[in-house]
Amino acid sequence: MTQSQTGPTTSELSVAPGAPAAAGLPAGTDVAAVAHPPVRHRGGAWSNFRRRVAKNTGAVIALGVLGLLVVIAVIAPWITPADPNQQDLRSVLLPPFSDGYLLGSDQLGRDILSRLIMGTRVSLLAIVLALAVAMVIGVPAGFLSGFLGGRFDMLVMRLNDAAMSFPPLLLAIALVGVLGPSLRNAMIAVGILLAPRFLRLVRGVVIGLKEETFVEASRSIGTRTRTIIVRHILPNTLSPLTVAIAVTAGYAMLSEAGLSFLGLGVQPPDASWGSMIREGFLYVGRAPWLGIFPGVLIALTVFTFVTLGDGLRDALGREERTES
Amino acid sequence: MIETEPLLDVRDLQVTFSPRKKMFRERVSLRAVDGVSFQLYPGETVGLVGESGCGKSTTARGLMRLVEPSGGSVTLAGRELLGLPANKMRKARKDIQMVFQDPYSSLDPSMLVLDSIAEPIDVHLDLDRAQTVERVGALLQRVGLPAEYMYRYPHEFSGGQRQRITIARAIAADPKILVLDEAVSALDVSTQNQVIGLLEDLSRDADLTYLFIAHDLSVVRHISDRVAVMYLGQIVEHGDVDRVFDAPAHPYTEALLSAVPLPSPKVQRSRERIVLAGDPPDPSKVPPGCRFHTRCKYAMDVCRTVVPLPTPTIGSGEVTCHLHTSGPQLAGASVRELTTPHAAVVG
Amino acid sequence: MLRFLLLRVLTTIPVLVLVTFVVFGLVLLIPGDPAVTIAGPDATVEQVAAIRERLGLDRSLLVQYWDWVTSAMSGDLGTSLYTSRAVATSIGDALPVSIALAGAALLVSLVIAVPTAIVSALRRGTWIDRVATLGSSLGIALPSFWLGLVFVLVFSLTLGWLPATGYVPFATDPAAWVTHLILPALTLGIAGAAESTRQLRGSIIGVLQQDYVRTARAKGLRGRMVVGKHVMKNASVPLVTVLGLQITALLGGAVLVEQVFGVPGLGQVAIAAVTTRDIPVIQGIVLVAVLVAVVCNLLVDLVYGYLNPKVRPR
Amino acid sequence: MTRTLPLDRPAATTTLEVEDLVVEVLTENGWATVVDGVSFSLGRGETLGIVGESGSGKSVTCLAIAGLMPPRQTRVRAGTLRLLGQDLTALDQRQMADIRGPRIAMIFQEPMSSLNPAFTVGDQIAEVLRRHEGLSRKASKARAIELLDRVGVPNPARRFGQYPFEFSGGMRQRVMIAIALACTPDIIIADEPTTALDVTVQAQILELLRAIQREHGMSVIFITHDLGVVADVCDRVLVMYAGQIVEGALLDELFEDPQHPYMEGLLMAMPRMDQVSEALVSIPGHPPQVGAMPAGCRFHPRCSYTREQCTHGDAPALEQVGPTHTTRCLRHPELTLRGTT
């Protein structure tokens, strides 16, 4: 009577690799357990989530690419073909595949490949910093807001509304302008900018969980609120939070690139992919490859995050309800 | 049965919802449960029936203090539950447990069946881990599932199996009362019958007392000893199940029973159908006088203004209807004895 | 509808108050003594004192805030520390440029997103859908300023079809205004298009699975009617929410694109102010940008009220 | 193997003829048959019930007849599909859309989600009239208000301009009926129209459907899993299990003298409100999943009368057991099954 229909066509179909029912049992026997063995996959919501991610080709490839980038970032100083800050004014603006400069050189004769490799480290670190700031602000606030509700929630949501009404990049620019340009300041600003995303997500998830019957059941059992939070609410926010991290990482990367492009992020001689585009921009007519390569890398990385986010979100879909 | 002390005594229970005040809007408080009283005696099953929105689920959640009642009293084995401080209330919950309607959202998807069933054991019983595991295994077997299912997660089970698991959880700390809130409504008929069979076995073996809340009257007739009928936040009639079903004293009960189609064409053709006009009641718009008068075919003038009081009915229980007090004829008899509606209106 | 509008306007007041706190509070974030920091390392004691006085830093915070808010409300946003121009004047010159750019970008993004999303959702799972989905993921991933760079390279430097940089006011030369605006608007619009396409595609797919779409088909309505009327009105609801967010994002994104194409909008003014720590200008720009965003979101909410009868008060 | 039921009325009064309807859906493991050789016919003014558990194929059968199965993920085949002599299998999507509304109308289960939340209730009725009868905006509005009045919506002129969320479940279902009734179709297919409603509202809706059918003499296909509702409204019943019709009979025959163990099981499993019952019985196990049909009789794994011969080979054929009664059970001659009295 309360079974909801999923769609116009699937309402009558329970399409799944079926388990044939047990034969030859007399009517009225209690065979629910025998006739309908549980489906064969193990694990809780989190490991179930991981299992589904593993089945999603896009997500797996994205994770692989991401892993590769992390490895490159970690071992960057040992794999650069040349010192990324080593200038050589005799060989400036060399095109790719020049001798000793696989991807060419910049206006100061520095090896672009080496700078890109070191830039991986800067760019990924920047993402981590921004995400950390965003989550430190957004997650607890969202959690409390969702869990406590009432006046506190109203206050937090008003603050959140105010934060969301700032054009994102502009606020970051203003903050960096005031704090002084540096990668750290830029990423703190970006983190503040991204915090509302986490706040809204966590708040929504927690409010949803509070409505779940299993939380009410736990209350009716007499479980302490503290225990309910630790055992029921927190574990179930984990998977949606993971999705949000993947999606938000992409935005963090774009924001970092934008700020560095404006010269408000990483400061010379260090390079992030964003600041390399800035340099490339100045020589767009003479040496377009300067800006092209870092742009491609940024686009690829963000694309990876987007794909990962999509894959994770698909894996998050509510479990299907099998007929009782 | 009436000789013994009630195990659960609900008196004049009130649950009021007051939605948050919106700017420029009147605060409308909504009395979802308005003075509900009933008793549960040890070992019996009391059915609580009514249509959606009548307040039967809110009654359950109110007496469980999952929503805070705004008035009345709930006495469990002689102890008043309303107003009990949080830590004492937590302890008191050992004796009264609940099974919910939706078997899918009743179990935490991130927890092993073992941990779900162990929750009340952890809270109320002083057992070590090995004893807990052993007890959970026994509980699973008791509800007709293999013990090794405890190491699985809810998503691996069908709705019927999940409902068995939630029943195992509910009885894990040896409660005296189970509040079953539409516990079988979401299951299809075969599974539903199996779960009802299980509940009947449990009540016999473990001496459990049930408050069985449902909208399916056929199931309620089957499982209940006594039944109470709710309309718009109040109980309009209660009594032994056979008396209420065979000789309903309240026009609403009569209409409700007559609306259930019976799976027998001959019987169905020969029955008199009473089709109530209008929609089921909206608890934010309570009519004056008798709450049912807007849809009642016997409505008299007095019904529109005066609130009726409960009267004993012939056989057992009480009915809250002017036909029995202000009308000329019924005084506790079945409303089916009324031949024509006009007879009542004359008085 | 009027009451809905009024209510909606009233609810923005606390938001605006909070915004003024944040914007004013920017000064407090300056590390060390703001006057010293702003004046720079080579400044004399007199110069620092002058700055301090001009910023009113010697008075109590509350007084400072009150002065700032009241004069801002009368349209006086102070004067630039650097150019000594009235902040309101600089913003007044730049704002229309930014709005034109953001508006054109919004147009571009809708023109791309709406048809793509519809086709993609209706042909779900086919190659058209896969291409569109891939394209929109890429569209999100491309940094707008880099895309601008590529556009300049291709359309200006290589093909010579469009001017690479600069801006011509509409009043001066409408044709030149358009040609100068095309590349920046395209650059800015593509990212927005990608986001909207994804959102709209998702909501159309969601709506297509609704029971009422089946009802519409069961009534014998033609496919065009089912999609054009029953699906689109419901699917637009989340799109409108996204548009609201996007307007804010476009105002921010415009900063980067203006920098690439040398468009003299708010972004250019902001960058100049940030590099010189011209606090009154920064404050002014942020305040104005927020105001624009808030007004746009108000309009969006009115559209929302039209699309979703439930939120509309009776 | 399959043929129309001989109880079908003479051709002149037959509204719908279905022969050997097969519906396949695309699953992860390829095409799977969800409706397998369904044949029946529907007389003018008749109410035909289709009962079965969820997943038995009863809704899909009707959606397929109305041409509402999504083309890319499903395949529909039929030996015959004839509406008042017109061959529906020959029609394309566009022509089928012309049929839906004036010839075949549908009422669905969920009154809460079956109406579009973004348009007024009146507009959703009037648009059918504009589409099929070419009425003007004004004329269609007047007619829609009449329809609202006919289906018992109080204050129809005011309610015309309201949105679905301002209606109760029962009132929305009345609106759905008004939509279905708008072009006075030959057939109304009602797919569990009262399942989501309270019993008193269910009684109202059933009453309304009965009255409308009497008024216009239209044929009704009534899909439900509630045998009480079947007993209340149907003239003739088809019982579906695992995509096949397993029994077909006139209403009283079916309840008093079921010829298929599945029907017996369904009847025995219903708790009776008018009787004091002892233990409740239930059909053990679960219906087979799509794509995993058991060999032999599809019901054999759950049947208490299963013999060796039931467990292999093709599914048994639908056999005639009386002038108006068919069953798909190999053992029907030897079995005496219990019905209700």
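To keep things simple, chains are lettered A, B, C and D as they appear, and every chain counts its residues starting from 1.
What we mean here is this: contacts are C-beta pairs under 8 Å (C-beta built on N, C-alpha and C of every residue); 3 or more make two chains touch, one makes a residue touch a chain.
None of these values were measured; they are calculated from a predicted model.
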item	value
Of C-D and B-D, whichever chain pair has more C-beta contact pairs	B-D
Chain closest to the assembly centre - both centres taken as Cα means	A
Distance from chain D to chain C - Cα centre to Cα centre, in angstrom	53
Distance between chain centroids, defined by C-alpha means - chain B, chain D (Å)	33
Distance from the mean Cα position of chain C to that of chain A, given in whole angstrom	23
Chain centre separation in whole Å, for chain B relative to chain A (CA means)	47
Residues within chain C bordering two or more other chains	211, 214
Per-residue multi-chain contacts in chain D, two or more chains	54, 68, 110, 279, 281-284, 286
Where chain B touches two or more other chains at once, by residue number	158, 188, 191, 194, 197
Contact footprint of chain B on chain D as seen in their complex	53-54, 168, 170-171, 198-204, 206-207, 225-232, 251-252, 255-256, 266-267, 269-274, 276-277, 279-284, 286, 340-341
Chain C residues touching chain A - in the complex, by the definition given at the top	14-15, 18-19, 22, 26-27, 29-31, 37, 137-138, 140-147, 149-150, 152-153, 157, 209, 211, 213-214, 245, 248-253, 255-256, 259-260, 266-267, 270-271, 273-275, 277, 279, 282-283, 285-286, 289-290, 293-294, 297
Chain B to chain A touching residues, read off their complex	64, 66, 89-94, 97-98, 100-112, 115-116, 119-120, 123-124, 144-146, 149, 152-153, 155-164, 166, 169, 173, 185-188, 191, 194, 197-198
In the complex, chain C residues that touch chain D	125, 210-212, 214-223, 225, 229-230, 233-234, 237, 307-310
Chain D residues within the chain C interface of the complex	66, 68, 72, 93-94, 97-102, 105-106, 108, 110, 113-119, 127-128, 131-132, 163, 165, 176, 179
